[in-house]
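Structure first, then comments.
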Amino acid sequence: MDPLTRQRGPAASLVLALLALAGAATVLATGPLAAPPEALIAALFGEGPPEAELALALRGPRLLAAMTCGAALAGAGAGFQILFRNPLASPDLLGVTSGAGFGAALALLLGAGVFLTQSAAFAGGLHAGALAVACAALTRSGDGRLALILCGIVVGALATAGLGVVVIAAEPYSQLPSITWWLLGSFTRATGAEAVLALAPVALGAAILLALGFRLDVLSLGDEQARSLGLRATPLRLLALAAAALMTSAAVAVAGVVGWIGLLAPHAARRVVGERAGALIPASMAVGALFALLIDRLSTAFGPVEIPVGLLSAAVGAPAFLILFVVTSRRA
Amino acid sequence: MSGLVLEALVAGRVARGGADFRLPPLDLAARPGEVIALIGPNGAGKTTLLKTVAGLIPPLAGRVSRPGPVAYLPPPGAVSAGFSALHLAALGRAGRRRWSPGLAPEDIEAARAALARLEVADLADRPFDRLSSGQQQLVLIARLFVQDAAVCLLDEPLALLDPAHAQAVEAAIRALAAEGRIVLASSHHLPFAARADRVLAIGPDWIEAAAPAHALSPDRVRALFGVETPGCPCCGQALS
Amino acid sequence: MRTPPRRSVLLGLGSAAAAGLGPQACAPALRSPAGDAVAAGQPAALLIWAVARERLAAWPRKPDAACLAALPAPAAGLPETGALAGGGGRPASPEVIAALKPRLIIDYGDADSEHRGLAARMRTRLGVEWRLIDGALPRIPDAFREAGRLLGAVDRGANLADAAAEVIERWRQAPPGPAFYYARGADGLETGFRGALATEVLEGAGWTNVAEGSRDIGRVTREQVVAWDPEAIVTLDPAFARAAADDPLWRRRRDGSRRRLLLLPEIPFGWIDRPPSVNRLLGCAWLADPEAAWMALARLSRSLYGLAPGEVPRPRWIP
C-alpha cells in the first residue's frame, strides 16, 4: 500500500472532492418539492421560478449542516486518533458529545427554542471538554494522554447521568419526545443562518488542526519524544484538543448526536492517504462530509418520515467499519 | 559547538513516600566529537541519567550546561508510528519549524539524504511500524542526523540488534560524533564501550568516568557487575 | 460513537434513578391523602379527576404551575408519584404507591393484551384492585360510566357519560375543516401522521391530515411540509406558534396565500392531545361547532376540571 500513497495522495483527494461535489449536487437536486434541474440551476443565480428558489432555500441549509457536521466529526476523530495513537478514539473521547447532548436536553427541558438549544449544546460540549482537560491537568500524571482518556470517560459518564435526570424530569408528552428526537440527530433542523453560524467554529477548529499538521505527528510519538524533538507538548496538545472540541460541539449543536462518522471516516481515509496528519485530517473531513451526505439522502429516502441520522449513521457506519476492518486485516 | 558540562549532577527520581532514587554526584565535561559509553547493571540509573541530561526529568541537585539542543532516543521499540520512515526522519526538523505551517522541502531532502547515508533509503516510504527493530533504529538515528542536535543521548541503541545492524548503528553513532556532536550512549555491549572515547560507569554507589582501558579492566568490571566476565556479558566477544 | 440514547435506555436510567430517588423524594410530601384511588398513568388521573376528584390520591405527573393555577386548589396539594403503567416519564415505585394505601388503581388507556397482562401482574404484586378501562375516544362515555361505578359516584359518572356522548355525536357530524399539519415540539417538525392517536380528534372531525406515511408520531423535514402544502397548521405549543407566526417558510403557501395557524389551548391539559384522555372532549366539542356559544364549552370544562367559566382558555387563529 504505502509505496503508492505518495503518488495516490493528491489524486485521491481530487476524487474525494469530486465525489463530495456530486453528493452535494444530488442533495440539492432531489426532494419532495419537484423542481427540474434547469430551474434549480437558474435559481442558483437568482433567476429561477419561486418553486425552485424555495427548494434551494430549504435544501441548502440541510446540505450545509450535513457537510459541516460530517467534516467536523471526522476531523475531530482523526485528530484524536492521531493524538492518542488509538484507532478507537472518537470525537466523544473527552465527553464532548455527551456534554453537548446534556446541554441541549437541559435547554429543551427549560422550554428553550431551537437556537437556544443549539447554543446550549455548543456550550455544554465545550464545558465538558474543558472539565475533562482540567481534571486531567490536576492528576499531573506522566503521560498526559491516559489521564485525558480517563477524565473524558468520567465527564462523559457524568453528562450521561445528567441527561438521565433531565429525562426523568421531562414532561412525557411533549418534552421527552423532543429531547429524544433531538438526541437522535437530524440535519434538517437547522435554518440557513444556524448552519452558517455552526460553520465558524468548525472552520476555526479545522484551520487549527491543519496548521498543527506535522506537530500532531510529533505529539503522537509521546510527550518525551515531543520534548526531545524541541516541541512543547502540553500547549500544542491543548490547542489540538480545543480545536477538536470546537468542531465536535458545533457538529452536535447543529445536528444532534451523530455517531460513527468520527470513527469510520479517519479509518477509511487512512487506507487511502496514510497516517500523516497533514494528509489524514483533510482526507478524513472529506470522507466525513461524503458519509454525512449519504446518510442525509437515506434519511428521507423511505417516505416522508425522516429516519434520524444518528440511527442511520450507526446502521450504515457499523457494517461499513466491519467491512473496512475485514478488508484491511486480510490485506495486511 | 562547545561542550556539555555536568556540575555535581545528582540524577534521580523523587519517590512519593519512601526513599528517593539518587545517583552519586557526577562531574563531567564532554567535548564536541566525543563518544561516551554509559555502562552499568540493570536498574543502576542509566536511563535516569540520560533523561536528566536531556532535560526530560529535573536533576535532584547540580547543573547541566548544554551547548545547544539535546536529542534523546529511547530504547528500541519505544517509538511507534504509522507514517513513513521518511516522514519520521523529517520530523527531526520539527523543533526548527516550530512556527512554520509545515516541514520545508529541504527537510524532506535532508531526511532522504540521512536515510541514504545509513543505507536505508529503500525504506523511505514504508510505514515505520512495519520495519524491523534494526531498521527502525537506523531510521531513528537518521532522524538524529536530520535533527542536528548538539548532544545526542541514546538509550541502549544496540539492544535487540543482530550483528550486522549493530555494526551499522555503531558506525552511525561514530559518524554522528565525527560531525562535532557529543554522543552519550548506554549499552550492555562492552566491546562498544571499549571502542568509545570514554566510559561512564554507574556502579551500585559510585559513578566514574574514565578511559575504556581502565573502566573495562577485569576488576572494574567485577566491581561494576559483580561477575567475572572473560568477554562481553551479552555476546561473549573478548574485550580488547 | 456511543449510540444515541434511545427512549428505552433513557427510561431504564430513569427507573434506576427513580428507584433510588423515589422513596426519598416522595416520602416528605405524603400526608394521609383524602383520596384512595390511584391513577396508573396521567390519562387515568384525568378520568378520576373528572368523575370523583376527591378520591384521587396522587398525580402520576404533577402538572406544572401554570396548569395547576387553572385547576381547583386541591390539585396542587396532591403529591406526584410517577406512572405505574405505560407512557414516558418517571416510573413509580410500587412501594410508594403502597404507602398511599390505595383501595383501587385505575388504568386508562390501551386495552390491548400487553396492558392486560401488566394489569394482572400489578394486581398480584400490590394486592390492590386494578381496573383497566379502554381509552379509545369513541368509548369515553362507557369509560365515564365505569369509572363512576368504581369510584362510587354513579350519578356523576352517568352525567359525564351523557354529556360526552352528546359531544361525540356532534363531533362526528362536525362541519368539514381544512387540510392541516399538526406541529409538535419546539421546531414543529415532529408530527402525528394520519391515523395517529395525537391527531385523532382533528381527523375524526373531518379535518384532513396532510401527513401520511406512518400511523404514528414521526419527524419530517421542512421541505416535506412545504411539499404537502397544508391549509392550516395546528399546534399546542405557544412557543412554536410564536416562532412560526412570522416565518414565511411556515406561513406562505405554494400559491402565495397565507397559511392559517391555529393555537389550541394546553392549559390545564391539551385540547386534542397531551395526555390522550378525556381532555380531548374539549377539542371535540370545539371542533363540532367552532362558532358555538361559549357557555357549552365552559360547562364541559367545568365538569371535567372544576374551572369557573371565566377561566376557560380559547383556541386562537393566529393572523
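Note that the chains are named A, B and C in the order they appear, and that numbering of residues resets to 1 at the start of each chain.
We take it that a contact is a pair of C-beta atoms (placed from the backbone, for glycine too) under 8 Å apart; a residue touches a chain by one contact, two chains touch by 3 or more.
Keep in mind the model is a prediction, meaning the values are calculated, not measured.
**Student:** Can you tell me which chain is nearest the middle of the complex, judged by mean CA position?
**Tutor:** Per-chain C-alpha centroids ranked by distance to the global centroid put A first.
**Student:** Please find the two chains that have the most C-beta pairs touching each other.
**Tutor:** A-C
**Student:** Taking each chain's centre as the mean position of its Cα atoms, how many Å separate chain A from chain C?
**Tutor:** For chain A versus chain C, the centre distance works out to 38 Å.
**Student:** On a C-alpha centroid basis, what's the spacing between chain B and chain C, in Å?
**Tutor:** Whole-Å distance between the two chain centres: 76.
**Student:** When the C-alpha atoms of chain A and chain B are each averaged to a single point, how far apart are the two points in Å?
**Tutor:** 43
**Student:** Taking the touch rule as given, give the residues of chain B at its contact with chain A in the complex, in rising order.
**Tutor:** Listed in rising order, the residues of chain B that touch chain A are 51, 54-56, 69-74, 79-84, 87, 90-92, 94-98, 101-103, 125-127, 147.
**Student:** With touch defined as at the start, can you tell me which chain A residues reach chain B in the complex?
**Tutor:** 2-3, 5-6, 85, 211, 213-215, 217-218, 220-222, 224-225, 227-231, 270, 274-276, 278
**Student:** Once bound in the complex, which stretches of chain A touch chain C?
**Tutor:** 31-33, 51, 54-55, 57-59, 62, 90-92, 97-98, 101, 108, 111-114, 117, 156, 160-161, 163-165, 167-174, 176-178, 180-181, 183-186, 188-189, 256-257, 259-260, 262-263, 300, 303-306, 308, 310-311, 314
**Student:** In the complex, go through chain C and note every residue touching chain A.
**Tutor:** 1-7, 10-11, 13-14, 16-18, 21, 42, 61, 64, 83, 87-90, 184-187, 189-190, 193, 211-214, 217-224, 226-228, 236-237, 239, 243, 249, 254, 270, 273-275
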